[in-house]
Amino acid sequence: MKARVHVTLKNGVLDPQGKAIGHALGSLGFSGVGEVRQGKFIEIEIAESDAAKAKAQVKDMCEKLLANTVIEDYRIDVDA
Amino acid sequence: MKAAVIVFPGSNCDRDVAVALEQSMGRAPAMIWHGESELPKLDLIVIPGGFSYGDYLRCGAMAAHSPIMREVKARAAKGTLVLGICNGFQVLTEAQLLPGALMRNASLKFVCKDVQLKVENAKSSFTRGYKAGQVVQIPVAHGDGNYFADGETLRRLKGEGRVAFRYVDANGKATDDANPNGSIDNIAGILNEKGNVLGMMPHPERLSDPLLGGTDGRTMFEALAKVVLA
Amino acid sequence: MNSTLARDTATVTPEIAAEHGLSPAEYERVLQILGRAPNLTELGIFSVMWSEHCSYKSSKVWLKKLPTTAPWVICGPGENAGVIDIGDGLACIFKMESHNHPSFIEPYQGAATGVGGILRDVFTMGARPVANLNALRFGAPDHPRTRHLVAGVVAGIGGYGNCVGVPTVGGNTAFDPSYNGNILVNAMTVGVADADRIFYSAASGVGNPVVYVGSKTGRDGIHGATMASAEFDEQAEAKRPTVQVGDPFTEKLLIEACLELMAEDVIVAIQDMGAAGLTSSSFEMASKGGMGVEVDLDKVPVRERAMTAYEIMLSESQERMLMILKPGRENVARRIFQKWELDFAVIGKLTDTGRMVLKHHGETVADLPIAPLADSAPQYERPYLPTPKPAALDPASVKSAGAPLDSLKTLMAAPDLASKRWIWEQYDHMVMGDTVVRPGGDASIVRIHGTERGLAMTADCTPRYCVADPSEGGKQAVAEAWRNLTAVGARPLAITDNMNFGNPEKPEIMGQFAGCIEGMRDACLALDFPVVSGNVSLYNETSGKAILPTPMIGAVGTVEDLDNFATADFRRDGESIVLLGETKGHLGRSVYLRDLLGRDEGAPPPVDLAAERRNGDFVRGLIESGDIVTCHDVADGGLLVAIAEMALAGGIGAEIAAPDALPCPLHAWLFGEDQGRYLVTVRNPETVLQQAREAGVPAFVLGRTGGDALTLAGAGTISLGELRQAHEGWLPRYMAAPDALTQV
Amino acid sequence: MKARVHVTLKNGVLDPQGKAIGHALGSLGFSGVGEVRQGKFIEIEIAESDAAKAKAQVKDMCEKLLANTVIEDYRIDVDA
């Protein structure tokens, strides 16, 4: 089973990469670009075949390692 | 008196800081592999610079979960001095021994150069060799040294005098130009509540030898030597 | 045997051989050696072993002309890197290598893996890497790809070097439209080892285990042309990128694990898996030792499913090494690699058959005779057409580009002369705690850990000289490297070279190659400066247009006592500035002529090797005796540029005046690029002038240090602030545009 | 309108970060973890209100800046 995790910066946390990208897009001539935020997208193959259990396991992974919950939020999707 | 340097896979300033410690303390520190789960009797634990686990995922994140870090946290709670330099600072925030986080430099570029620091707190065991307000020169070398903390945390850090160092210009002003990485409030180093844990991005071990260009960093190790030898 | 091999034999045709880069004659030779058609895996092995990259087939006859010996040379070209004796029982191991093409395709990863590769060449011989350098050539600054390439290459070199924790202490960077379609990324690593614990690659001992360590093998870097052939279309997936991705974290672990293992008495031979990975490493180790080798490809750690023998043998996955261990010592090695969490696998053994036999899924998938394949590797004496000698340009015939200080300001901001701080501040140049002289000067100095001695190092080449007169240019490149080491007070010991040229099948290009080699040879002999390692990169052409011939020279010397070395910065007010060496005002091929007058003309400045040596030995003597601490050689841009660089480095100005009787127009005197010259400062010049006279070294007092501006008598004053803005401003401003953004 | 871009390494391209994460999850005691791949997730606010046009604009951004198409693939989703 595959889990997909989105890790994004919490609201209010400064995002230097997003800011730099937004700035660069502007200079490249793209108009109407508002806020840009960059996060991570992590795909994990897991042996667990029960979706609920898999999700719980991945949540545990996020809390322990994948996200820094001081500054980041995460979202988990699992599929078969 | 005993000091130890924790070595993670990917640490690369472990030898450098060991050299500086030995120079000031007259005794080589113990080098402790991250896989150990116990520490000997110690007065000072140093978490060195480098790229623990390649700085993959987030700088310091994987190292913060090493077996040895449980023990480091326990010692810190008991008052043992803990110094995190550069990657070590990142490890300490990830391990939540220090508040806030170190984000990508605002320039998105790695930066290696001498910077000026203002000593904001000269009372801690680490910084008492300096005078409060003194401007010292110490190099930085990092890609993720952009210190961030939320408003409440920041207020507390400032209110409790826990900002140890700020990036400043030659006149001691905390300007944007003097800030090498975009850190909030030009913060270069912070202390924990009890003042026994210091995290800082600049590398004092790199300016501890006149041949390498200066000795402002050595002052810190000499001050530590006095504390731990006492 | 042939029956089990037959499986994919039918697929190899002369066309497929041609796709693998084998000429009809070369393929004919393959058939002769084998007495049958090769299968695809075997063909792949032939093709890489006989490639230009591995066989040096176009360059070998010329490389043989370079001097490679000296009493201090422990190991010259032929091993992974060169080895020299640096005293105190220590050896310095170093080499430079190109990663030009991959860096053009994907600048970050191309440059990063270039650094990784050269590091492995050095630690594979038992050295701890102590410094990296990088020599870069980019296209014209206004070419649409240049900025992106600069950003990516610099980020990649930093990304890799910073992470492994080896300081990047120096380099050389320039721009020219000839590199628009072919940038150069030449990376150099310098390491230090115990002189009696050097590791070589020749395999020995029948039955000894062949061991694979490091990262797993994937389908990285397998050549696109062959991927397109029917055999590999099975998965019909999107065109697979051939780009290799570097993993500096694994490299760091590999360095530590290998050095830890080397302290034990278990290794017979060791070799990194560089280009052509497992093929060239196993083949070369067996070939050098006159052994046979049998490898079971099922034992090779792989990271992708269903990899074929062909793919496993030709993969260029990074961060891998191959070793031959002493019998029964596998467990010692396994324990160390497990501690560092790296893959470790015994994949085969040495035999006495003289053949390379590969097994996969229980079948023999290749069976090749090693000596014939190695011995009959093609070697070409390619036809060459010497570059016609250009006529010298009379300095009196060159008009001035304007007021001298205006010209100076423009030159200080010219892409080739502008400060490269923007680059080297992205490199950790201080890690390891021994960087005594940081980037920005003539040569960088790294303390030999735990001693009071230093290693000085530099990388140099002036391609615009080489293209005008390859022989003079080759000579100059070596001389300039020698001069840069001398300028910090080091004793130059040896060089590594990276020969970057166009298509060797063109006689003019081979003429450039041959000419450069001749000039390098003369300089190496005259300066006792042997070549101990090197690398050749050919076919640097796009649409038939070749790069400027670029024989990049990396050089190493020792500073015997770190109490006495020199740097380029003015340190005190009121010191006399003394110019050593002769000034004729040579403007041919100068930056002044090119950048201010738009003329690429004339002959390059000749290098008088006897004067070079005399002047350099004199300067070094002054530094070693502690008489001077400020010294800078006069290079690109000439005298006034050199003085401005010294003033900026020290933050101290100067007042200077040209002599009354000039041999040439003033602008030629100020901006000519005559060779073999140094600037030094002294409190009292009389003694130095006297000593110079006795040594036969031309010497002249130009003026005095002091103030915060540069004043040229009769020509006005320019403030250091204005000069600094010009010099430091260009590259950051150039790189501020958005297409420079590299995220990674 | 908001565009969400997933940038992932092409198949077969080594992912040192993913590898290290997988390894770390193992050390943390998570069992049954197979391959881990890490990519980027970029959110962009754009003024363009026509979905098709927005997507085209973001595609252009990906080609020019957001993705390194030599080694990375990208996927774009837009919503109002």
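As written, the chains take the letters A, B, C and D, and residue 1 is the first residue of each chain.
Heads up, the rule we're going with is that a residue touches a chain if its C-beta (ideal position, glycine included) is under 8 Å from a C-beta of that chain, and two chains touch if they have at least 3 such contacts.
This one's a predicted model, so the numbers in the text were calculated from it and none came from an experiment.
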Report task. Sort out for me whether A-C or B-D is joined by the greater number of C-beta contact pairs. Result -> B-D
Report summary line: Whole-angstrom distance, CA centroid of subunit A to CA centroid of subunit D, is 10
Requested in this report: Quick one: report the Å distance separating subunit B from subunit D, using the average Cα coordinate of each chain.
Outcome: 33
Query raised in the report: Where the centres are mean C-alpha positions, what is the separation of subunit A from subunit C, in Å?
Result: 40
Report summary line: So, in whole Å, the Cα centroid of subunit B is separated from that of subunit C by 36
Requested in this report: Mark out which residues of subunit D touch at least two other chains, giving numbers and ranges.
Outcome: 16, 20-21, 24, 28, 38, 40, 64-65
Report task. For subunit B, write out the residues touching at least two other chains, lowest number first. Result -> 53-54, 56-57, 62, 65, 108
Query raised in the report: What are the residue numbers in subunit C that touch two or more other chains?
Result: 247, 249-250, 341, 738-739, 741, 743
Query raised in the report: Is the way these chains touch best called a line, a ring, a star, complete, or other?
Result: complete
**Report entry** subunit A partner contacts - residues on subunit D that touch it in the complex
**Finding:** 6-8, 18, 21-22, 24-25, 28, 30-48, 57, 60-61, 64-66
**Report entry** Contact set on subunit C toward subunit B in their complex
**Finding:** 155, 158-159, 162-165, 247-250, 252-253, 340-341, 424-436, 438, 447, 562, 741-743
Report summary line: subunit C contacts subunit D in the complex at 105-106, 108-109, 215, 218-220, 237-238, 240-241, 243-247, 249-250, 303-304, 317-318, 341, 738-739, 741, 743-744
Requested in this report: Over in the complex, which subunit B residues touch subunit C? Could you list them?
Outcome: 9-10, 12-13, 15-16, 19-20, 49-51, 53-56, 108-113, 139, 141, 143, 203, 205-206, 209, 211-213
**Report entry** In the complex with subunit C, residue positions of subunit D that touch it
**Finding:** 9-16, 19-20, 23, 40, 64-65, 68, 70-71
